[in-house]
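Given below, in the form of structure tokens, are the structures.
Each of the next two complexes has chain A plus one other chain: chain B in the first, chain C in the second.
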Partner chain A sequence: MRHGRRRITWKGTALVVGAVAAGCALVTYVPQVQGVDTPFVVKGAVGETLDLTYAELTVTDVRVADTVAGFSDAAAAGGTFVVIDATWRATQGETHFSGAEITDRQGRRFWATNAAECSATAAAQPGYAWRTTYCFDVPRDALEGATVRLARGDDDEDHADQRRDAVAVVDLGITASEADQLWETTETVSPEAPGYAPASAGGSEG
Partner chain B sequence: MTTLVTPAVPGPGEMPQGAPPSVRPGMLPGMLPPDTPPPPRRRGWWRRNIVWLVLLPVAVAVAAGASSFRVWAFWWPVGLHLEVDRVAVGERAHLEGEYYDTFGLDVPERAQTTVLRKIDATVTSVEQVDQLPAPEYGDPAVIPDGSVAYAVQVHFAAELQTDLSLCQIMLVSEEGTRYGESSTDVLGSSNRCSLPDAEGFVSEQPEWDVTTYVLADPDARITQVRLGFGGPEYVTFDLP
Partner chain C sequence: MKHARNDGPDLAFRLGRRVVTAVADDMSTTQRVVAGVVAALVAVSPFGAWNEVEPQADPLTVGTPVEVGPFEVTIEKAATADELGHLVPAPGNHMLAVVANVTNTGDVPEIAGTLGSAVPAPENVGIVPQEPMGSLGAEPGTDPADDGATPSAAPSASAAPGDEGGSAEPELPSPSIVNIKDGADVRILNPGLTYRVALIWEQSGEFSGDVIPLRMVELEWVEEDPLGLDDGHWFANEIAFEGQIPVEAAKPAPSTEAEQQ
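Showing the complex of A and B:
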């Protein structure tokens, strides 16, 4: 053991300053959050079958309704309902699809309702295609350019359950003129209860 | 009135008891002695820190071990992780594993105890079928478009009142896809291992046979049947 005062040397100073600089450079230039935590986003359009590794997903139809009516109850929209028919086909094992939300152009997020026969989540196993209808109550200015984000990971605030996992983002293809037209429609949609989907559901337009 | 007194520097041989041994008589802490002997030859950094370097891998192992409780607390009990027996279709497999019975629903005296489940099972046949039998109640089930159905026949032997809840009889394809992983089958039965008229989730006979139906992809090549009760133990039956 050495005793007495330790001397400040150029070498020691360079070592400390160098280590601090290297640390700062690491946290500044390495994209930590984006690099490690973001989901693998698979983008697509209505009618396209997307491969999410754990499942194949097809958004088969997009409708707009003022009211959704089910077997025992009906729900009126505060804005308007965007009704999305989707088909899941699990490819690994029994899978719960917990994430369903619409994102508008401003980045606002709208979660699915389970009113009427609408589903907010779905579950399926490999070996068959499972049809699910999601309903989202959105305001008028959310329609244009809206996308739907569907995944097995939960749609909680910071998408923590979707990290490093595949997520489907499907453009609903609603243009500005269509948005006005859709807003004016006063239609009642009766979503079907979840069930087996016909095999031809994937890939057919509209 | 308080008087501030500067302590006198102790002279040689006047060191107070308890002073640090590194301070030589006649010096204050921090002073360099005038006649510093030439420092001994410095040992290298690796030599000076040899103890800590040796302890480092030990510390890493201890830290990893300390956080490993998550593996057995959260991952190990959920899902099939331990293959306890592996036989061919037609041969008898023995599945043995412990589980914790929280509520003792069917056998109240087992509530809040660890129970050892022992069960013998033989997969007698795995066949593709063209239609599904009529369920106990509800609408007849049809094989959906784009799917094929397999009938899996299993012969069980176990002590009476062996717990069968969370039973899984699944088909595994060449690619590892697990068909029919859920305990609920395509006909709506809530337990694949129970007889259709069973009242609870425990065995009522010493030996019994079940037929369960599993939907699969038409192009899948089924290579295994797996039987488990939620895990971690399971048995595998290899198809020829």
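Showing the complex of A and C:
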């Protein structure tokens, strides 16, 4: 049996340094965070029902308005309101849908107002279709090519609450010529208060 | 031949050199460097080297747009009113409103609180301080005119009477931000849109000045919070703009634009 100090060899040292360098390179250059953090985007169009695993979503109608008028208050747009009617059907359990934003072609993001019966969030029990209306105040150049992003995760600065989760991105189908027409619209829309959706909107009235 | 000269400065120089030589002779190089630095620091002290640096704020005037963080703000006017929409002052007080056009120049929406943090309440004009958290159940303040102005602050022509200053400075509130177009509270400011808003504070009825000192704070984007608690937010930094804003006379309960139509 041998006793005494072990010698530090060049070979052993090179092995350790090489292993550390390889580990650093893996952590630095392999995009592992990006791979697991991005949400699962389900794309669709107005009128199409999208399966987000935790819910089914249908954007049923898109309108524009200068003013949205509720039961007790009204909101006037700085630009124009894009009013989006949507129906949520939770499939797994009671679900809170916190994310609602419009994205334009420039990548700018717009959040919904909760004034005048418009909703910025929604919540639904499973088995029922829940109708809600989102109202987004946007400038003229945001209309063409705009999409709406709806999800259960919050739409904060970096979409942190939507990581590794399904989100719906619905093309609003607004072309350049339509955008000009829609901008000239001086309409007042009275959104319905959120509630159980009628059969015509994919629900069963509860 | 001896030249005529003033011996005074020469003598002082030679004396000083002898003292320095006598002291420095026994020092190592490191000690000499440290001693030199200390001597230099002492030498600049009489010239205000240690005075707190006061950043010079740019002028803030009516009608001139300024940039603070994600906002371009153009002050339109200041006005007082007996009440503004759902904002009703305590008896004897009135509301002070600073009207401004605000554009979110960024790519993402901003909450109204971010705008509020860029426009602190004007000082020395009788803004009613907010109730301290610890005294919510206590007797309400007896002197609503006391906005906790510091005695050292620049005197204002509109300083409210009774501004004696207490031992503890009560904090002035953030403004209520109302969209003038519909009279509703502003919750978010979407990008690319210009909002005509009123930034509103409750003000002592004893205020009778015709200008208010308004300041705007530089907003600095914090990508990563040092404590890791609040990444990605706007931090209200130093005063970037300040100016005297004329105040229009009080009007009885003005209506919103939506009501006028």
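Keep in mind that, in the parts below, the second predicted complex is superposed on the first by the 176 of 206 C-alpha atoms of A that agree within 3 Å, B and C clash if a C-alpha of one lies under 4 Å from a C-alpha of the other, contacts with A are read in each partner's own complex, and residues count from 1 in each chain.
Keep in mind that, in the parts below, a contact is a pair of C-beta atoms (placed from the backbone, for glycine too) under 8 Å apart; a residue touches a chain by one contact, two chains touch by 3 or more.
Quantities reported herein were computed from a predicted structural model and do not represent experimental measurements.
Colleague: Identify which of chain B and chain C touches the larger number of residues of chain A.
Modeller: Of the two chains, more chain A residues are contacted by C.
Colleague: Figure out whether A:Gln92 sits in contact with chain B (first) or chain C (second), or with both, or with neither.
Modeller: first
Colleague: A:Val138 contacts which: chain B (first), chain C (second), both, neither?
Modeller: Touch partner of A:Val138: chain C, not chain B.
Colleague: On the A-aligned overlay, A:Tyr196 touches which partner chain: chain B = first, chain C = second, or both, or neither?
Modeller: Touch partner of A:Tyr196: chain B, not chain C.
Colleague: Identify the partner contact of A:Phe110: answer first if only chain B is touched, second if only chain C is, both if each is, neither if none is.
Modeller: Once the two structures are laid over each other on A, A:Phe110 reaches chain C alone.
Colleague: Could you look at A:Pro126 and tell me whether it touches chain B, chain C, both or neither (first, second, both, neither)?
Modeller: It touches chain B, and chain C stays clear.
Colleague: Residues of chain A touching chain C in their complex?
Modeller: 67, 73-76, 78-79, 101, 106-111, 113-115, 136-139, 141-142, 157-158
Colleague: Flag every residue of chain A that touches chain B in the complex, lowest number first.
Modeller: Chain A reaches chain B through residues 2-5, 91-94, 125-129, 196-200.
Colleague: Quick one: which bits of chain C touch chain A in the complex? Just the residue numbers, please.
Modeller: So the residues of chain C touching chain A come out as 107-109, 179, 181-182, 184, 187-188, 190-195, 232, 257-258.
Colleague: Hey, which residues of chain B end up touching chain A in the complex?
Modeller: My answer: residues 22, 30, 32, 39, 42, 144-148, 176-182, 214-217, 220.
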